[in-house]
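Before I ask anything, here is the structure I am working with.
Labels A, B and C are assigned to the chains in the order they are written; within every chain, residues are numbered from 1.
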């Protein structure tokens, strides 16, 4: 499911041949602390990173193999508000899952029940009989596009890794210290910000090898084990840690050298005081990344390079070479600036995308998805479009591949 | 009581000689999802339809005979805020009950208790002794006006019927599908909108004969039984159904011909998809009635006349001759436009009233009630005023009858 | 603790040699119904009356002797948001406690725990070892200032008494009648308003002698016993009662002569109706004190002098000579006007202070505390500054005494 962190998916995945999940993009909008404006904006399409984030997560959990077991084919019955998806979205979500590596997209359900508790949950067919529902007609069209595409190759390694640690989430959930320090929110917002730069992302298990990645992000990683420390030490690319990284030992104590504990030596800094901030409090940050901290700030002492500072001169972003530490929770725009800085420093090829458009490569194919209400035209290039065209309609997609 | 739908009042009424209810107009403001602006506006007077709606309901339940068993005579003690009624309101509410057909208005309570749990609930007399409270003095004045009026005739049949089905309410309460689809809210808002056009209303039991009514409204009627279908088929006037009419069988299933089930044949339409909308989402509607849908929209296929459409061309209001179906929840102003359209189409004589003024006939008498803070002058006419004058003071009333 | 009214502190104090309390000025901001703007403004300093109010209360409970048992030395771990105190505040709070008469200020805790449930609660020392935390360094500086000041004399009687009755609080909590009639809120807001005029305040037990006070305030005193009535009758100065004073007998009934019961004779008025008002309702008041009532108004009949009236002419503030009764809950600015009127009428020397600055005398020393973010300069005078200077920095203090 989406936004579920109540068990360690990595451990469960160890015993599975492939992973699967249930994708209800619109219903899941309710599970995330979006602003009211975002809820209105994405109410009939979902946010363009909710399904992709979980595709990337479950692809990781399945070691490259995953299914969508239940795809939302229309309005569901379990959220406070259950709008019909905007026309085109059932088709879009289907292609999107395959772009992120899905082997199968199965819909829940085949026919809408005409009785019982779930009778208001849409199906591919209307209740009573074999007449396709609006979503069912879109599923048929998606199948036609997939047939036209032919077999898709395996997903290659992405340039960016996002480290996702369930145990760390639980560590912070036990004692938030600041009510708004929400681990899953940080994960999705970092994912969104780096994807807005046109990047593909692998969501990886903490301690997994980071070789081959240009950039590794650890937005929320309170516990850093020896294995993780080793993976970071061996990483090929830039590693950026969010606040509270290394702040707890695996036995839930403050490290004897103060946070960031095992990372203190390579980052050359320590945290002496933390401050959680109520909504509305903003702390200016200026330097290589400028903007505002909200929710969380730390007082750190750093011997490494100080890249940005708070208004009182205290370091906000520090590190050396390939290791950076952000001593605050960045506001959304500041997070975008931080991701841009990290992507440039990591040497990534940046392709900025509008808020509602995303890009994803699978094998030789490049997919563009437009969640917005206006058409969007992909930049000119050498590729050829095998599904759709360079001008991508609202709530539509296109797929290209290199000219042979 | 007000806004109570936990039992079927019609069935209870079958065994009663007359019905009665407890009218706490100010306290009941808390029980209805008014906007903050309305709560402030009506905080010391109540909304001008809360007591009348229930008078009309209990008159129906009592088959023409009803009492007010407990009339609020001043501030009560059980709401979060218990303001003293604005001067004049106790008197106004008393006359209003009689205008709507009450045989008796009894106040709770005779004397304010000076001890115990209810000691902050006002009475007609102050605690300790026989000194009239402010409300008690108004009750005395109301009695004088009623004496001056003399015996009031029985209530005649109104031109408008509002169908009120408790079982249908429960049906939707079990599974709202949209959190804001509130049956009682729809009932009161439709009642308000048609009353703003100067109409008297009978609230009728589902399945009761609709003969003699120029207009019958069914804002919320998910279950349509054979008896109801028969009553609609035999109705003399226009019948307007709200969204979700006929959407469930009496066994709580989706009808085999899809909603509106038994009404599909006469309305010549079917519903293929429904969408519940979060607050803030508005869907334009244009045609014979223009404005916005909120909360709920339906995708319908109609062979009947399409009177208004959504922005994507899908029908929003459809029907033939004397049967109309609204496939959405109308915003307040749109609801007013819809009621105006229905009233005109039904051939009613429309007398538009300001937001705080209402009109009610009982026998030969016409009552005007002014809940507002400014005087209001009734239009010139042939009648003679037997209580008050044509210029009706703030929080006041006047009663006229035809020149003999 | 702060804002605790669950037991009668006066009775507990009878058996103690001295009183003590735990002062968490920032965490306590959460316990009081501040506006959002105030919460942002005072988030890192606390409101300038929270700690002082409780110092004055516990000094009274301890009959002149009190300690701060636990002083917050940095961010705590138990509020929804736990910001680090603004630099200077730990030092300020320490001096402030002594200015209000504290014999001891002890901090919780000596060293931050590195494990267990409280590991995120700051201490004077960092976890692991003997290195002072930011707050610990401020505590050391405060100790240096206190050493420089030398022994402070006992607290003298203040010119203003604030009567604080726990039993009366419970009386109103049982039946609020208006959800926003919050006794503790009234107490702190009256205290704030009179302190903004440069006054020292003793918080006194109901029934205690009021001799020697120029002004006695009883914001919330629903039960007036014989002993209390006697103390008011013997008071030397002006006594101002808030609404609902004397409204209940000790057996929780309405007095036989109506409220204000035992005070009716001296105040020459009675209350015939009360009205609790929802947020947003404002009732104009005009006269010796002008502004707005909110939350609560009373309809009173007064034979005493009427000093201010509601818009309908009904008395809002009435009394004779040394006894006044306010028949409403004043809005904040109106409360300030009421306190100003009372202070002038009582013949107090008024020194208006800005919102974030407070003044407190202990023996011959006068302390100024600046909670604000800008420096503030004390008015020119004959005194000499023994700690700090006349220009008081943001989040700083100064202490003066008369030129010898």
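In this section, a residue touches a chain if its C-beta (ideal position, glycine included) is under 8 Å from a C-beta of that chain, and two chains touch if they have at least 3 such contacts.
Keep in mind that what you see is a predicted model, and the values were worked out from it rather than measured.
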Checklist entry - Looking at which chains touch which, would you call it a line, ring, star, complete or other? => result complete
Checklist entry - Residue numbers at the subunit A-subunit C interface: does the shared fraction exceed half, giving same, or fall under half, giving different? => result different
Checklist outcome for this item: Note to self: subunit B rotates onto subunit C (CA fit) by an angle, in degrees and to the nearest 5, of 120
Item to check | For subunit A paired with subunit C, centre-to-centre distance based on mean C-alpha positions, whole Å | outcome: 50
Item to check | Residue ranges of subunit C touching subunit B (in the complex, touch as defined) | outcome: 175, 177-180, 251-254, 256-258, 272-278, 280-281, 299, 312
Next on the checklist: Which residues of subunit A touch subunit B once you look at their complex with the stated criterion?
Outcome noted: 36, 39-40, 43, 74-75, 77, 80-84, 87, 112, 114-115, 117, 119-120, 122, 126-128, 133-134
